[in-house]
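Have a look at these structures, which come just after this line.
The two complexes that follow have subunit A in common; it is paired with subunit B in the first and with subunit C in the second.
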Partner chain A sequence: MSVKAAALAVLLVALVALPPLAEPYVLHVAIVVLINAVYAEALYVIMRMGYLSFGHAGYIALGAYTSALLATKLGVSPWLGILAGACVAAGFAWLLGLVTLKLRGIYFSLSVFAFAEVVNAVFRAVDAFGGPAGIANVPRPSIGGVQLNGHLGFYYVVLAAAVMSLLFLYRLAATRFGFTLLALRTHDTEALAESVGIASARHKTLAFVISCFFCGLMGAIHCHYLRFVSPFVFTFFFSTDLVIFNMVGGLGSFWGPLAGSVLLTALGEQLFAAGYYKSLVYALVLLVVILALPGGLIQLPRMREAWAARRLRLAKAPVTAVER
Partner chain B sequence: MEIYLPLLAQGLAIGLLTGILYVLVALGLTLIYGILHIVNFAHGEIYMLGAMAVFYFHVVGGLPLAPTLLAIVVLSLLFGLAIERGVFRSLRGQWLQLVVASVGISLVIQSVGWIVFGIQEKTVPTYVPGIVQLLGVRLPRERLLAAGVAVVLVAGLYVLVYRTKVGLAMRAIEEDEETARMLGVNANRVAALSVALGFVLAAVAGAFVAPIYSLNPGMGLEPILMSFLIIIVGGLGSITGTVLAGLLVGVLQSVGGVLFGAEAAYGLVFAVMIAVLVVRPAGLLGRA
Partner chain C sequence: MTAVLEVHGITKQFGGLTALDQVTFTVGEGELVGLVGPNGAGKSTLFNIIAGAFPPTRGKVLLGGHDVTDLSSHDRARHGIARTFQQVTLFPELSALDNVLQGLHRHIPGRFLAGLCGTSAYRREQRQLEERAEGLLGALGIEDHRDDIAGEQPLGIQKLLTVAVALATDPTVLLLDEPAAGLAHEESTRMMDLVSTVIRRRCTIVLVEHNMRIVSRYCDRAVVLHFGQKIYDGPPGKLTADQRVVDAYLGVAELG
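Coming up: the complex of A and B.
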């Protein structure tokens, strides 16, 4: 454990100290990786309790648009806008969660997916929200009167936001609340949890709100980074990328979605110029992992035993998701 | 505000004709849901491939329409069998993995589609030109043909599911897979057949809408979204529910489009879905 802590400390120092030496392109990749890592971990909050969302991009878009509109139309400071974006996303999550979290499994996935499509349709349809062209010239935030126009300054903003968000989500998983979510993973265990007095609906709603809060927060930051948002940025394919990060990394622990998002985003940025090849590579990696490595990349170290067991026909699928 | 009544009738008629096509796509989803208990996200891509096949075989290749359709049916059937055997079968019972795998397949087909077919929109000339005038409503023959085919296929599916032995096996597996297996139902074969039939329905729907819309590899998203709304409203797994909800959504979208504009109609359909979810979470005809 202390080795792990030391490694993390070294990583953190490197993330703070090295960037001034890095080229802008490397900084850009680092920024995108950090943003995606938070999205993936935010989604993991609900995936951990057995809920699959194909609509998280909708909440990211809500955060992005809120902050972009506040900054461009009303001249509100991006710092306030980012907070407002997170709250708007969380608010909508609360409303939709009240209705849809009662549903398990595929019903939930579909209704969240449909909601995200409608969010983008509304942004596309309403001229006050920028219409199909979206909103351009979204300002970068400034510190002490200096606008963070370069990559370096903005990198530190993203780093700070990402580290705090990830730390919060990591600690959350180890709280009583976090473990309760784990108990809600299936219909049967949820009934069991309720029988010992756990208000499952309230837990699920709060988890969904937290998940979408961080998506909205990072969405707003993302938008200020891009200086632009349109209905075609945070689409269904963005939502599926987040699911892919989770599945490829593995749902067994906090480190799975983190590993998946960091590895695939870094890979994806290399393929960015290759158009649709990025999406193709993501999808192929996803299918290979689902079929051949059911626990995701974080299960790799344990795969030797699993394969040996499979050879001995001791168990058909020995790799199950085990929390930490 | 004055509403021109014939325009409303026109909207209603077009809505029904569109709705029955939605039903065709959504029924394939319902069929697969009944067996695998997941929705197949790759469904829209099969629909797209059906339309693209018309373009490449019929328009570019010069193959007559009938053999083109036959080829589409055979190819989508084989494709469905292959996907079921290669991907879905080993994931049976794990709904999350199954759904995500179907998304993966959808992304693979779509990105290969963009790479192979290109971003240029493609058009297919009409199969049957002309317009039918009926009670003051003008209906393109094309849409009537597509709707007619859809009605025949929906009826055929009803017969298959409720009047044949295979259909009985499908319903038995949906009801209680373990018992069905114990009584000698070959669940794998039935699953393969359901997936393949679902694929055929989607591909045929794509083939018949090809002249109505312009084609690109992303064209599957809109009907698949509508199908998801439809099966949620109708109740997952319920064929009658799917048919009713499909017609309802088609009409809502079309009439809503006439009254309030296309984007608002989209919102209207979604509002109906939310209302159904609040009042009857299992859908209009679904079982809880």
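Coming up: the complex of A and C.
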């Protein structure tokens, strides 16, 4: 067992064992952090493939509304609703992916953004979907007849869902399917991929569907946590936050988006309590990272190695050479 | 000799421009055919049509007797066609080994669930694939660059790597688009020696080439295109004796 695996095991035990001792506010932050971590990693599935989405909140909203509507209008169990929310988001992703994944760069980003705007506009316009006021009194799920109205019970639901989702997304990158996605990062490499027999469109669509499935899943859970959803919850700014998590953490590995989402969400929740400084701070952090650490936070260990090597070189170099 | 690649009456029009006009030729098993012609003759267009990057306006492409004209590029790869690109095209952010592993795609079973769980059978299979990829790097003499990032290598290594990626598909017909272009003399000789020995033993080759010296030295046969039409199909040794080829290359003297 490596050091990394041991550290993860300790973290997991802490995440399971400590919450009964924690304040409700800490639990709240932990819940939001876990949810955002899954969103960020779900987005990373397609960012790793060279696609930047400014509209993943649309799929989160689809998951949230599906489960909320099923629970409030038809009395469907939230457990089924959450699954349905994930499937509805994945279904729309499949339909849209068939068309938009042919686009690259800003054209793709804008098309996904436009779809997310349409989703929110439809929810706002149609009274049956709650209209501008949204849907209130979305019930919490229950286990063994007990509704999870407290923070602690719901925390464990989120923890279980997040750990399973993150584990799946982590392992996904290690599969041959995940490896093949790396071949589809640009228009040129896609032509090369096709020439060696990779069905690029099918791979990209499936990756997009997986990405949006987990957004829909967590979106539904998120909505049952908030007990509420409206067209003003999962907006464009929600989508850009997910991009910022990825950029700040770094796109080089699975750990980048995870680090970015955990750090920024924990920070953002503190600031949210203090007022509306969240967007400002996110923007500043993003700017600093882009300028000083273009590879994101996961580059820090490598930077330290580089600095150490530089110090060593300077120490060994003759004094005159340094002065010059 | 069995024909592994047949090109029948290929015509390609871009708007009003006819890039290819009724081009027909066949390539037999084990042949090394040079596709020659001045700039703009339609060589690359023909290559792209054979590989399936875009469809012809009219005409047919047959691979091993199967009509593949309507197949997509990735489906043709499964019928045994592989290609390199005129502009060096690799997976620039991946290592040399990973580039070749991508090239092995059509021989790799997906095994999604086994991959998710990381079973020992899956890992064993993965090691076998890596060995196969290493073998290909070795065959082209670039095994020392196994872990180097492809996009950061010198042009000579990158060009050899593009051939390794194409060979990884285990093709019956390999289309090489100017493999020696842009290389220094020694590198170019090294590349062409590999093409005519190691690579030749593995598959039939169609080579787009500008350089007459290379064509006459290495190819069994030359097909010459000029303004989209085939003007010569025969032994490379007689190329320079053919008046139409000479005119195409040097231009017709217009006196008077």
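By our rule, the second predicted complex is superposed on the first by the 300 of 324 C-alpha atoms of A that agree within 3 Å, B and C clash if a C-alpha of one lies under 4 Å from a C-alpha of the other, contacts with A are read in each partner's own complex, and residues count from 1 in each chain.
Heads up, the rule we're going with is that a residue touches a chain if its C-beta (ideal position, glycine included) is under 8 Å from a C-beta of that chain, and two chains touch if they have at least 3 such contacts.
Quantities reported herein were computed from a predicted structural model and do not represent experimental measurements.
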| item | value |
| --- | --- |
| Which superposed partner A:53 touches (first subunit B, second subunit C, both, neither) | neither |
| Contacts of A:67 with subunit B and subunit C, given as first, second, both or neither | neither |
| Per-residue touch tally on subunit A - higher for subunit B or for subunit C | B |
| Which superposed partner A:174 touches (first subunit B, second subunit C, both, neither) | second |
| Contacts of A:282 with subunit B and subunit C, given as first, second, both or neither | first |
| Contacts of A:205 with subunit B and subunit C, given as first, second, both or neither | neither |
| In the complex with subunit B, residue positions of subunit A that touch it | 50, 52, 54, 99-100, 102-103, 105-107, 109-111, 113-115, 117-118, 121-122, 124-125, 236-237, 240, 243-244, 247, 275-277, 279-280, 282-284, 286-287, 290-291, 294 |
| Touching residues (chain side subunit A, partner subunit C) in the complex | 168, 171-172, 174-180, 182-183, 185, 188-189, 191-200 |
| Residue numbers on subunit B that touch subunit A, as the complex places them | 33, 37-39, 41, 87, 90-91, 95-97, 99-101, 103-105, 107-108, 110-112, 114-115, 221, 225, 228-229, 231-232, 236, 261, 263-264, 266-267, 270, 273-274, 277-278, 281 |
| Subunit C to subunit A touching residues, read off their complex | 51, 53, 72-75, 77-78, 82-83, 85, 87, 89-94, 98, 101-103, 105-106, 108, 110-112, 115-118, 165-166, 168-169 |
